[in-house]
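The structures come next, written out as structure tokens.
Each of the next two complexes has subunit A plus one more chain, namely subunit B in the first and subunit C in the second.
Presenting the complex of A and B:
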């Protein structure tokens, strides 16, 4: 958990808004460090374990973390064998035109399974973290299917169960090019931005490569208040180290001051 | 802590054992020690050498086991093919197993062109060679008159132990001797030899890629490279070299059309390849003719699906060949992606202007750097000064090695 980012988002492990759909996106950059932040943020335990760090293996054992590793499961689908014992979740790889319904069944089954009820009082509401929707696009799934998938996840987790959803979507093209080079991921990004309540968009610096400042993060809140929507945007620059990331206002990097 | 050390301080010639001390370090680490690999100092991953020591440095010490290196080919596929051959040659020298797949040339031809290693300290695997004791040849005492203290240390590493060097140098003008090459186990996949299957196995992946993926999985299972396989025998690394994926010879139309029909064939294959590699002790080098792929976003998603990615841009045939700026180099090298395994941030190289040069004994990658021109007349700096300034290790040393034209 990055303490600076938590304070920027006005969230702490004890009190955070529920029913939020967070979109983490990047353009020609790498936003996966933010997934680490959210993972450790939501997996927080008591104060002692917070200081010691969060152990994913332990969380998985206790049942707090349910992990679907698409890469491993996909192999049995991509190389068909006679005995197919893989889980059904990655079946969409066989025929991507069909859609992501089988993949959606995984979070819905977790949310409705009885085993969750045992420890449900201990832990908070359900949080769904999706690392990299753009990989689904490069595997042949259509943009519409991915948007449907995200919509269904949001409907189930955010509205019904008052949980949170965090999704990562990546983009490669330049923002100004509208030639249709990268139609798929641009459309996906636009569609997801409209659905979500909090966006963190990671980009490289507009002035070029810098060793001390790895890029900029634009945080955008979209709140529905009364009649219309209000959006609030903030821009930060960041640097990723071994143990975390530091966020600062543009121009105030320790390398500059 | 007093450890029993036998005869270290003695300089007498009575000392007959070639081991300086009998102290043995107890390693409690459970790291499997495979010849030709070493753990990374940054994140503890197991690394293998790509065969090019300067490329190892750029990638953070070497290629991590279980990852893919994508090489975007230069225009005539000369230098990318050279790096592939270095990679395979390094596998032969470290006694790893090889898997070569190609659609254009027979893998046997590629294997015959491997460069010869410079063998001053590489032990060729010969059956049962006794370790040489120092006291055996008394006449060789005459050989060392000054460094006589080193007389008792072994000159040649025992052939039973693997080469302890990480990364070797190769002589490009000679090809590897057949004995050395045949000592390594090679698996081949030559696309024209595999008949097209009638039943389409996957809707987005091409038959050629499916066949290749299936063949790779078979080899990994059969030879025991799975991480989950029982540790009965000693482990080894499988080096996979895939030549020119995405080209028309594989049946792919990525390079032929602006809007290819099988847009996701190569990306699905790379996804499956990564799934295979992550669960086995293997490393892959894939070359792709990216200069033929018009869609930059597609190239971006291909890069994202591989872990390491570099692009080569050679000067051959372009107007840069005669440009005096680049006269010492054969091309530019761009590092597109370096993975961050088990850590938050990846260590991209600090300098983005890298150039490579294929010399006879080394493929060197240096920072393209010109010293400031301090002379009165605008003349090209002499060759020696340029070569001295552009070394990889030095930070930003300018060529201040004496400019004779400076007189005030």
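Presenting the complex of A and C:
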């Protein structure tokens, strides 16, 4: 978890807005470090584990973290073997017309069955993290089906269960209007932007590569905040290092000042 | 023009609010809903994109009972066993039935949030047909729809907007709070009016229209006109008095081939040199071929 990012988003593991749909996107860059932030942010228990860091394996054992490895499962669908114990989540690969309904049923089944063993702790609200949606496009799913899937995730997880959803979507091309090869991911990105309440868009610096500044993040709040502003945008530059990432206002990198 | 539209669409009117990913038109949509509720109209909302709580958030409490929200948000495609309203039920019979169930005898205002959701699943021709039937049907007095222009091809957006009596395209404004609205209104007589306005919202979703962007353009030309006197405020004098100006205009420039010079050259006066040439026998003056003596 990146403390600076948490303060930028006005959130702490003890108090964060519920029912939020966060869209993490990148263009010709890599925003997966933000997924790491959100993963450790939501898995956090108390102040003690904060200092010790979060162990994903432990979380998985306790049942706090449920992992669906999409690509691995999709391989078992595409290359069927005898011992096929995969869940039905990736069945859409067999029949594209069905849409992503079976994939959507995975988080709702997890939340309703409540993978709570006896004596297990009561976890907080459900959080769904998707890394990343653009892979579904390359697996042959249409943009409309992916947008329907994200809509249903939002309707169930955010509105009904008051949980949070974080989705990653990636774009390879330049932002341009009209027809291009990358039209699918552009339309997907626009559709997701309309649906979400918070976007974090990662891009390289417009002036080129730099050793000390790895890129810029544009944070955009789309829902009405308490003070009445409907849309608020902030731009930050960031640098990723071993222990995390640091965020600073443009031009205030430690290398410059 | 935005205020006029907010005060009430005519019967049979169809208003489209076009927005994009950079600025959401839902706030303006809520302003229209608010205004309709204040006018004591029944408002029916087909909500595909946002939940009921989110749509009703911020709208005034007293007349909220006239707002009927038809939930197409939780299950618009019928993936669960008990869908409330699916996108495939969007046809004129389905919607008319829905409106008549809950409304009194007065025709209601129908709000569609959003048309983009429907267009993604039901093709543009079917959507246009349904909208046209609803307008002529009589169960619905006016229709207001939200359309995400960047989600569809231009042809789709164009054909749906062609059916509208008014189209408002919203975009982010220069300052944080403000937004720009481009309005096109078609009256029944066929006259088309267009306008651009900058507006912002107050806490209760009422719209405050600020100065128009065209006024900023006028101010710019005024400052340009004021700047055309470079001879003022100098330490030396660049201006001419009247006699100086006359003398300047009279002066003949040296290398300009004026009329006077032409006549002087053509008719050389007395006393100027004259050249007389009489070729004698020694001069090789052959009229036919002046280069005859060349040995080439």
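FYI, the second predicted complex is superposed on the first by the 235 of 257 C-alpha atoms of A that agree within 3 Å, B and C clash if a C-alpha of one lies under 4 Å from a C-alpha of the other, contacts with A are read in each partner's own complex, and residues count from 1 in each chain.
Basically, contacts are C-beta pairs under 8 Å (C-beta built on N, C-alpha and C of every residue); 3 or more make two chains touch, one makes a residue touch a chain.
For clarity, every value in this text was computed on a predicted model and none was experimentally measured.
*Asks:* For A:155, select first, second, both or neither according to whether it touches subunit B, subunit C, the two together, or no partner.
*Replies:* A:155 sits against subunit C, while subunit B stays out of touch.
*Asks:* With the two structures laid over each other on chain A, which partner does A:104 touch: subunit B (first), subunit C (second), both, or neither?
*Replies:* In the superposition, A:104 touches subunit C alone.
*Asks:* Identify the partner contact of A:144: answer first if only subunit B is touched, second if only subunit C is, both if each is, neither if none is.
*Replies:* second
*Asks:* In the superposed arrangement, does A:195 touch subunit B (first), subunit C (second), both or neither?
*Replies:* second
*Asks:* Which partner, subunit B or subunit C, touches the larger number of subunit A residues?
*Replies:* The larger set of subunit A residues in touch belongs to B.
*Asks:* What is the contact status of A:250 with respect to subunit B (first) and subunit C (second): first, second, both, or neither?
*Replies:* Neither partner.
*Asks:* Using the superposition on chain A as set up above, list the residues of subunit A that contact both subunit B and subunit C.
*Replies:* none
*Asks:* What residues of subunit A sit close enough to touch subunit C in their complex?
*Replies:* Answer in residue numbers: 99, 101, 104, 144, 147-148, 151-152, 155-156, 159-160, 187, 189-191, 193-195, 222, 224, 228-232.
*Asks:* So in the complex, which bits of subunit C are touching subunit A?
*Replies:* The contact residues of subunit C facing subunit A are 20-21, 23-24, 27, 49, 51, 53-54, 57-58, 73-77, 79, 116, 120-121, 148, 150-151, 172, 176-177, 201, 203.
*Asks:* For the complex, give me every residue of subunit A touching subunit B.
*Replies:* Subunit A residues touching subunit B: 28, 30, 33, 36, 71-72, 74-75, 78-80, 93-97, 134-135, 137-140, 170, 172-173, 181-182, 185, 209, 211, 214, 240-245.
*Asks:* Would you tell me which residues of subunit B are touching subunit A in their complex?
*Replies:* By the definition above, subunit B touches subunit A via 201-205, 210, 213-214, 217, 263-264, 267-268, 271-272, 274-276, 278-279, 295-297, 300-301, 304-305, 340, 343-346, 350, 352.
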